[in-house]
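Shown next, in structure tokens, is the structure this report addresses.
So that you can tell them apart, the chains are marked A, B, C and D in the order they are listed, and the count of residues begins at 1 in each.
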Amino acid sequence: MSSSKPKFNDLGLETKSHADGYRALNKDGSFNVSKQNNSFFEGVNIYHSLVSMRWLHFFGLIILIYFCINLIFASLYMAVGMEHLTGISGSNTLDKFIEAFFFSAQTITTLGYGRVAPVGTLANIIAATESMLGLLTFALATGLMYGRFSKPTATIKYSTHAVMAPYKDINGFMFRVVNPTNNQLVEVEVNVTLSLKNENAQTRNFHLLEVERPKVIFFPLMWTVVHPVNKESPIFGFSETELIEKDAEFIVMIKAFDESFSQTVYSRSSYKAREIKWGEKFVYLTEQKANGLTVDIRRINETEQKDLNVF
Amino acid sequence: MSSSKPKFNDLGLETKSHADGYRALNKDGSFNVSKQNNSFFEGVNIYHSLVSMRWLHFFGLIILIYFCINLIFASLYMAVGMEHLTGISGSNTLDKFIEAFFFSAQTITTLGYGRVAPVGTLANIIAATESMLGLLTFALATGLMYGRFSKPTATIKYSTHAVMAPYKDINGFMFRVVNPTNNQLVEVEVNVTLSLKNENAQTRNFHLLEVERPKVIFFPLMWTVVHPVNKESPIFGFSETELIEKDAEFIVMIKAFDESFSQTVYSRSSYKAREIKWGEKFVYLTEQKANGLTVDIRRINETEQKDLNVF
Amino acid sequence: MSSSKPKFNDLGLETKSHADGYRALNKDGSFNVSKQNNSFFEGVNIYHSLVSMRWLHFFGLIILIYFCINLIFASLYMAVGMEHLTGISGSNTLDKFIEAFFFSAQTITTLGYGRVAPVGTLANIIAATESMLGLLTFALATGLMYGRFSKPTATIKYSTHAVMAPYKDINGFMFRVVNPTNNQLVEVEVNVTLSLKNENAQTRNFHLLEVERPKVIFFPLMWTVVHPVNKESPIFGFSETELIEKDAEFIVMIKAFDESFSQTVYSRSSYKAREIKWGEKFVYLTEQKANGLTVDIRRINETEQKDLNVF
Amino acid sequence: MSSSKPKFNDLGLETKSHADGYRALNKDGSFNVSKQNNSFFEGVNIYHSLVSMRWLHFFGLIILIYFCINLIFASLYMAVGMEHLTGISGSNTLDKFIEAFFFSAQTITTLGYGRVAPVGTLANIIAATESMLGLLTFALATGLMYGRFSKPTATIKYSTHAVMAPYKDINGFMFRVVNPTNNQLVEVEVNVTLSLKNENAQTRNFHLLEVERPKVIFFPLMWTVVHPVNKESPIFGFSETELIEKDAEFIVMIKAFDESFSQTVYSRSSYKAREIKWGEKFVYLTEQKANGLTVDIRRINETEQKDLNVF
């Protein structure tokens, strides 16, 4: 929208400095923040919650709602009188209620065996309403189910540690990412931002780090993202201790287009200063196979010692 | 598409000046315009109307249509003769019509208890048509229902007032936005345009305002958008009275990518000159909690007095 | 993808010159081309055809398929023997076939009254298969129906003629567009390309025309797109006759984001030299109403005489 | 995201040189790589697999699952006792099991004839569960079916060979693409990258090749993509033999917006050095027809001899 380019990277994160070791971004890409005193209805997007809850909870919720709706309608059928349902054989109230419950289940799913069927206006109104309601609510349930199933997720896997390794005749901050799934990601962009405490330790600065390749067109194998620590780098000349003292956090955001889902996906992670191995480099993993290349992605975290360049 | 950059911001709004106090954009982001004499069928996108109407109206409409379709089909079954339906017990016409009505409801929802069932070609043709029609129309209803439910909405909340507050050694026009929901918005861009009456009061000029941070990558907390009123600003040196006389309107558009819905969303609002508090600043709300930061978004409108810089 | 900017506008259209008066783009935005001898299965995307055919044809097709499938299954039930269906009352073959036909309709829609029901393995296999098939095929039909219904269409309406009108102290090529629907279009970009015959009349050149405002953020009312015919314009100094001789075609493409559908939409049209009114300007249509502006979009084509600037 | 432009084209492919004749990208656009030892559940995105498997396999899978679920539920009905189902006529266990199997099929599809119907709590619980489960699983199956059907695929067809042909007063590397379907593709971008072995034959370099027109707005006919081999080209002065020795691979990626699906689509292919015809040019295929242009896309591969420019 705006044509002016920001001179430094804006993350929308706090610049006031907080307790040492504070982590802005969790390893799984979620933010280490909460919103206070927001009313429930305003703060919760029901769709978002239903789409992102765990499958077990989702199914539990569906079964619970299915059960409750049938309880309600069974009560309604009881209320108008069980004589308005044909084929009821139960003699006591509980038996009748159970039969009404299952009749309700047959109605809401539009199963309609007809062994039990409504007779008379009132029971028919309830049944007609229930079947319509059933179609609408099951549409939500099944829509959500498919929505969850077909939701694109940038399944990018990050090496658990970053490294500070020799790079050309300087050194480089590096981490490794892989797309473990058979989804094809294309036009993959990476954005690495460094959060550092200021001299006064009161505020934080955010620096966009130059990376060797900010964008790759294809992402079939593994990708080692490299920030060359040259004179332009905000951590040029820093030692491991300094980086820890400045409470450095390397915030990574990866954006890609997922061909399987025809959608843009985002992935986030971060490395704290203590999660950097100095003087290690990632082991080269690509091998030539009979017809093509292969990479052993289980070994994504494998590093070997390598002396850093000194200058 | 075109590579040429507009020198000023183009809003697609009128440049002729209208009655004082005219508001181009309502607080809720809708436009203060109407289109005249357009034929109904051309002017109304039915899908758009059905997706954006209120839930109550939507359900009312569905129930109404369900009722009407059943009325029509009940009449059809009556027309071909109720002797073509088995299990009809009513003796007078009204009772028979009611039974036909409920049989229609059982057919259109594909419930089909079978206590009442069609016999003979004519009744069967109607029933076969109705059940097919039912599947198609309920598909629209349930599709719309899920479409409404899963429609992304940029739920960004704006501070009710903007402020003119000291900013570095000058002053700044500021307003505050927050994402109150648990949806994650990323790559958030803001565009602030100022609409000002010309000297001759006949036309309006639109100025794209520079903002301190036109784009943030993450938007987990609150965001105070700042337009620094420096020498380049079209309102440099303006007093509160001048701004009101020029009938200023600050038109805000926010664009973001909603991760939950995997879609781009837009949000709009505007501030008129009278909705700016001069010499106030927004209270800083972020607090350090046990594990992470927290912000009390109920206090989004809270300001405190702060003398403006004079120069 | 590529960072290099094309110096002229590339349309992907032919540069060889064809018969005079050849129109590359029809008024409705479709291309005046065909592809020869392409095999049917390669050339036709079935989804695209089903989504873009007329509603009448679409419904006709659905009814036809529904009818045929039922014919096929009725034949299958006949083949295995009608004694495997309960409740059949017909005495001759035709009556039995009709009953089998309606039983099939009750099965494929999962209506299942049960007055007629399968008994025995063979009939049950057919019915079980049919009901499963019914769910799958109706899913396609209803999905397509909703897909058609919710398909975004850039419903932009173009003035039937363009004009050559005075603009500042030069002249301008202008046309008018309006969004007649209640959908909100934002970030609207326009691209106007001029196709002109070369001196040698053998090939065509395509020129990207500068327009006064290549992009507007909002599009609530009407938009007059203006190409100022200044010294940089490829038609600077051209007379009406020259433009016709050069067989000029102004090809318009508009790209926008449709908020209702959360999708990008495209619209195309073109103006041939003979569709330009020289010395006319569009009538200003926006009026101030009680609360807001209003525009009479029926009058989009209204022009009035206005002498062109001479220089 | 990042504003820094890569100086050369980054493909995310290996730069270490592999066996001669290694092909990074297969003709169909898939990558010639595999990932080793990845756990099945991490490596396989089920949605992706189900959406991209062949139709025959997809239907086979659905039928298999439908069969198995009915087997399971038939066993459950047997387990609780067939006396809890009305209308069972089978006398031996196998017959009863078959009847239970078909009752299950009638329940899971919500067909519910009712000739056979559950009586008693246990059988009713199973049936109520099955019908709910049926709605949910068929929602997945039908959703996937429609998802497969409506999935956009860039159906771009490439000429089987590229050519090295005279172009202006130099030569050019050219290949031809066509959109054989009736889908409309707009804003089509092409990216051609050359993979060449280094002097030392140990590593590979990737060069982004300048193409005459990196982007076309429309793509109605055929498009000949041209890389002019001028002094800036990395293959300037190369002979056919040299190109083969360097094991050259021209990797093509095309990005477009598919109007029918309202989505961005990608297409990939590659040409190895041996797939280039030197001194041939593509035959011009566009012809003027009664009303419009036509192109015979069957002849996409047709070339004719043409002497290369020597200099």
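Here is the rule we go by: a residue touches a chain if its C-beta (ideal position, glycine included) is under 8 Å from a C-beta of that chain, and two chains touch if they have at least 3 such contacts.
Because the structure is a prediction, the values reported are computed rather than measured.
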Touching both chain A and chain D (chains): B, C
Steps needed, at fewest, to go from chain B to chain D via touching chains: 1
For chain A placed onto chain B, the superposition rotation in degrees, Cα atoms, nearest 5: 90
Fraction-based call for chain C against chain B, same above half, different below: different
Identified repeat of the A-D interface (over half of residue pairs identical), from A-C, A-B or B-D: A-B
Selected interface, C-D versus A-C, where C-beta contact pairs are more numerous: C-D
Centre-to-centre distance between chain D and chain C (centres being mean Cα positions), rounded to whole Å: 25
Chain centre separation (chain A, chain C; CA means) in Å: 36
Residues within chain B bordering two or more other chains: 1, 110-114, 143, 187, 191, 217, 253, 255, 261
Touch list for chain D against partner chain B, complex: 1, 110, 112-114, 187, 217
Of chain C, residues touching chain B in the complex: 5, 62-63, 66, 70, 89, 98, 102, 105-106, 109-115, 138, 141-143, 145-146, 149-150, 155, 178, 180-184, 186-191, 208, 210-211, 213-221, 223, 253, 255, 257, 259-262, 284, 286-289, 291-298
Complex interface listing, chain D residues touching chain A: 1-4, 6, 9-14, 16, 18-19, 22, 31-38, 42-49, 51-52, 86, 107, 110-114, 117-119, 121, 124-125, 127-128, 131-132, 134-136, 139-140, 143-144, 147, 151-152, 191, 193, 253, 255, 261, 263-266
